[in-house]
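As structure tokens, here come the structures.
The same chain A turns up in both complexes below, where it pairs with chain B and then with chain C.
Right, the complex of A and B next:
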């Protein structure tokens, strides 16, 4: 066996210590549905459903456990919010500082609608004296 | 001669040629002297060759394992297979900028060969040389790919294992850069048009460039989605990760530009929109690099961080200010004077472009919002996939709706027979959606079915219209295929509708389940029955693999794996994906018994219609190719410049 195969064994040991030594629990589709809405706190841009880090594995285990105890989705999410703050939620709450991220697109859409309405509205006709002037000039020999 | 020496020489020469070219083309414009312009043109090819030399020097350093080059030491290992070594130039920041710079000199070279009046030619060259000065300036100062190490290591760590795990990584970044850089040519023409106050012709002249850039961006995005699906082991293709968003924004703006450009070409209207869209689309490519490389947003894609962020932010602000500043100077002259009806081709195109631009705005908002909150309120918030999905859904529905009806509407005024078509299409949409609801699909999925059928019907109506017109004129109906622009765009539109269907279903009906199986234990889930045969470890040289063997009733034996790389502290999953036209079955090995190999945790993800999204991606690329390819050649033969 190659020298760094030893490293592999060492590494496996380290990985195992971070996680669980007994097999992980079975996870139902509901667990993933909840985990997907929670951020994995130690990862970069991964949800608790995707990440393979120890924390995410533990979060999935907790969700499965709480679902087994009959807790609802909202109760489970509230548990993690209490633990990590609202930052843990991938869906920003529609209040407080994150209210605006929801409101701005709606406001933008309204502004856009008004702008388009103005754009498509028939333009005011030119004043008659200007039209006469234009007509006169067009008829003039070059 | 060492690779580092050649590389530094190449970068310095490319910078010098670009600076000189910029000065000469500006002089050519100000003095109105053709000799300066000839001089600037003469520098285009040398700049490209210098950049090519620098790029080849990096490949040389990688192939010869020259670890005295810091980039090689950081991103290469003697154990890397040859193909990984060859694609390592774009595995990290400095090499990516070098590739970008090289492609920019190539596009400048191609653009400079098209005949153009001397005034605009000098301005177009000035803009393109200016962009080159920025890239090679960055490489010569803060992000040199050829920085050397005083004490080179004997071996490096190799590139990020995520990049070694799939051959798609050889393709996806190059396609993206080809698309990003392609947008610089229409931008340069737009700047020239605004300076010399000739507002009409540039869109037609750069149509091919815009389409080429759009085609590469689209192919690059789909390739990236597929890579994410095959490699990242989460069974998804789009995470609304900041880096994905960063490359989605230019795509959205380029799509908006592509559609309003048609109106300017045909009716001479929307000039101001086109200037604005092309500026923002090009500037967004630079903004994307700022997002990716400055480390301001933590993300899985942020492979490298460096001092480059501020430089790219500055460049973004400069290009935006240049384009929009010029636009505000000439805004009175580019104002539309024609009356538009919403129920016309141009009305639908403008509305569609607004949906795309609005979508870009929403993505920018969602991506930057956590940054703004952190900067001004000091709080940490997350804006993730649930937000983006919710705001994107109505925009996507609006776009899919306009896509069906838009091409059927005539320019200016709707004719009476158009209304018959409209009612027919609305009927199809309604029936399709109702049919979906009756089958028990969710509202979103039903709407996707309705919109897919509606778009297919609209395309069939258009084909029928075109063929009938030819038959009536006594021409062969097959001649319709010669209308490449129309046929190609219909192919792309059909692909978009198909993509929409795939996205709606794969997002709505995804089944994900995980179970620990002991050897010989069976599990039935998602319509598959599987049995664990065993777990084994394999030594593959640069990595270790642990493989679980599963016997399934429908797909024979499948072997999902975990890969252990020395430079990663957690294993990378190598899923086994079984593609079928209905559902995709995605087998993942999550964990295993390290002592005896008695058990393995298996995750199965069943996602419908993902297969069709890759088909749609291929169709989009083919449709774009169909529009571009032979017509460009034919027009060139006729002496008409396509650029």
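Right, the complex of A and C next:
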């Protein structure tokens, strides 16, 4: 019985989640896919797909209209970049200065890998003359 | 590579990262660029219905291009729900409009608002410069507006020169007007 109740609660939670993330029926999921890549201008860290502020709602309506006119995703994103600058894009473009944002983590990982490799590399055996010297000293009377 | 050179390189790296961090922390995340003002782009045109009290003098709708390129224009985006910023700047805008109405056109764009509440706001401050109604806020997107209140100054050639975000004060507004007035 308890197990059933647990399962029920689990699915209840999953069901609630599904309801939140699926878009309202009046706009196509494609609209939200594009809006997710655009910043909501008046929000902090929210995309135009998540926010319910007036601007974000209007942005989604604009996207839906432009899709209806047969515009492509890139053309729609360009429309917003034209007005707000590249700031409006959630992901910085992979060129120019912002290319570094994409490259630096990879470079960092490579450096870290090299460092770890150097640290854990099997040590070279000590040169024979040094070993002999050590042995000789050990045998020496104190 | 000598170990002292290596130590210096490490120190330099740490200093460079520290400097980058400091620079990042000093930046104001609210200071957002206006593409229009930075590139002095021609002001995006719009045609919006005027709110009822202004129809007698200005007509049913206001088309910005009818006024562009004649004299400078102050374009103010506002909403009655924008408290307190819009309430702070409304008297400043009205007073400045009365003083400069021969040289500059002021246009208020009521954004994402309800007509009744917009009219109450207008009555409260006795606004006499033309007010247009944009309940969906589409013109705001064309101007790259972040949030109300925002004020744009358009020069005599019809190009956007200044974008002021937040409530505008007398001194800033007069300063901007000096920039766009001949």
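We take it that the second predicted complex is superposed on the first by the 101 of 142 C-alpha atoms of A that agree within 3 Å, B and C clash if a C-alpha of one lies under 4 Å from a C-alpha of the other, contacts with A are read in each partner's own complex, and residues count from 1 in each chain.
Here is the rule we go by: a residue touches a chain if its C-beta (ideal position, glycine included) is under 8 Å from a C-beta of that chain, and two chains touch if they have at least 3 such contacts.
Keep in mind the model is a prediction, meaning the values are calculated, not measured.
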| item | value |
| --- | --- |
| Dominant toucher of chain A (residue count), chain B or chain C | B |
| Chain B versus chain C as contact partner of A:62, first or second or both or neither | second |
| Partner chain(s) touched by A:85 [first = chain B, second = chain C, both, neither] | both |
| First (chain B), second (chain C), both or neither touched by A:29 | first |
| Touched partner set for A:52, first chain B, second chain C, both or neither | first |
| First (chain B), second (chain C), both or neither touched by A:42 | second |
| Touching both chain B and chain C, residues of chain A | 85, 87 |
| For the chain A and chain B complex, residues of the former touching the latter | 1-2, 4-5, 7-8, 11-16, 19, 23-29, 31-33, 36-37, 39, 43-47, 49-50, 52-53, 85-92, 97-98, 100-102, 104-105, 108-109, 112, 116, 119-120, 122-123 |
| Complex interface listing, chain C residues touching chain A | 32-33, 35-36, 111-112, 136-138, 140-147 |
| Chain A residues touching chain C - in the complex, by the definition given at the top | 41-42, 54-55, 58-59, 61-62, 80, 82-85, 87 |
| Chain B residues within the chain A interface of the complex | 232-234, 236, 239, 241-242, 298-302, 337, 339-342, 347, 350-351, 354, 358, 361-362, 365-366, 369, 373, 377, 379-387, 391, 511-516, 539, 544, 564, 566, 569-571, 573, 590-591, 593-594, 599, 601, 603 |
